[in-house]
Amino acid sequence: MSICHDRIEIHTNGKGLYEITDEVQSKVDKCGVQNGTVTVFVQHTSSSVIIMENADPTARRDLEEFFDRLVPEDADYFTHDSEGSDDMPSHIRMVLTRTSEAVPIVDGKMQLGTWQGIFLFEHRRALHRRRISLTIIGE
Amino acid sequence: MSICHDRIEIHTNGKGLYEITDEVQSKVDKCGVQNGTVTVFVQHTSSSVIIMENADPTARRDLEEFFDRLVPEDADYFTHDSEGSDDMPSHIRMVLTRTSEAVPIVDGKMQLGTWQGIFLFEHRRALHRRRISLTIIGE
Amino acid sequence: MSICHDRIEIHTNGKGLYEITDEVQSKVDKCGVQNGTVTVFVQHTSSSVIIMENADPTARRDLEEFFDRLVPEDADYFTHDSEGSDDMPSHIRMVLTRTSEAVPIVDGKMQLGTWQGIFLFEHRRALHRRRISLTIIGE
């Protein structure tokens, strides 16, 4: 049994989904673990990690539209707004999605379904550098 | 320390919750790990894994009714609809819930609370065969 | 490689967020694992574990206000109400958030981002004793 820690950095330029599937797999390759899990952990409270349909871009656009309507920036009861109108919505969108995701590894490959991709889900409008911590445990 | 990979297949016939607690425990038994975790991972983007109250069926019905209202099939801004009106809502419902869940194992038994059950949450109306990947790590 | 199981108990007195970051870190310290993951698992279906902004209390109040509006207690279609009007909403709020969260450990410390705290998210109004199971795997 062995453990590898690694990190991915993503530069985001606005709300939306940024696919990281290939970067995660390449870190699994580098680690050399053949069987186990990789835990993908986002070190922020205004962006998330999700697994999402990665074939059709319209699915991602509809998802973003849904979240913009579910957590509107102009809700009049928000008081946490020191960083702008997308500040509080970004925390809520993060809580409604995920900070960590664990993906099985078999024979050195992540066991994703046919249409599954791993994405950073950015909830802020401004430019951000996002750190994603990876922990690979297995043999 | 050892690792077991296993798989559960569920045939679904419409939206709703399908309990898999006993199947997961039986895979843990077969693996023989006494202390560790089991990671339950759904290999699809239109169904989820959740842990839910498993005693009263009315709780599950109310949950489904809530999701049908939160993510209505007839939202006029959805463009990803090649597989029908439940296509885009299924991805959103998946993102709002979970793809993976990790459950502790102590003395060979999953440490679920009294009312906790593990469920596949199906978001599509048509018949589907769903694959759930299990990774058991421990000693 | 080694495994530690441990438990945290929290006494809650109403809906809201209860930070447990320091308790989780102290259990990691006690275990002695330097590199690995800690899986935080809530053994209930009416409370959740989330990672949230832990600096500004207004962010937590806005989050609670959002959930009170998203899952209103007076929804007329709820039938699962034997324990009161906050019964069914508590299960839905749990499903929309998380039962488990996995946090990386490097050099004995959880790799949380600057503003990340681990919280029990209580969804019931009455007094409750909540059990959180921890599984630490690593070396």
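Read from first to last, the chains carry the letters A, B and C; within each, the first residue is number 1.
Just so it is clear, contacts are C-beta pairs under 8 Å (C-beta built on N, C-alpha and C of every residue); 3 or more make two chains touch, one makes a residue touch a chain.
What you see is a predicted model, and the numbers here were worked out from it, not measured in a lab.
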item: Between chain B and its twin chain C, rotation from the CA superposition, multiple of 5 degrees; value: 120
item: Type of chain A:chain B copy interface by residue overlap (half), same or different; value: different
item: Cα-centroid distance, chain A relative to chain B, in whole angstrom; value: 20
item: Touching two or more other chains - residues of chain A; value: 1, 70, 96, 98, 102, 137
item: Contacting residues of chain B [partner chain A, same complex]; value: 1, 3, 5, 39, 41-46, 70-71, 75, 77-80, 82, 88, 91-92, 94-96, 98-100, 102, 131, 133-135, 137
item: Of all residues in chain B, those that touch chain C in their complex; value: 1, 35-37, 50-53, 56, 58-59, 61-63, 65-66, 70, 96-98, 101-104, 106, 111-113, 115-116, 137-139
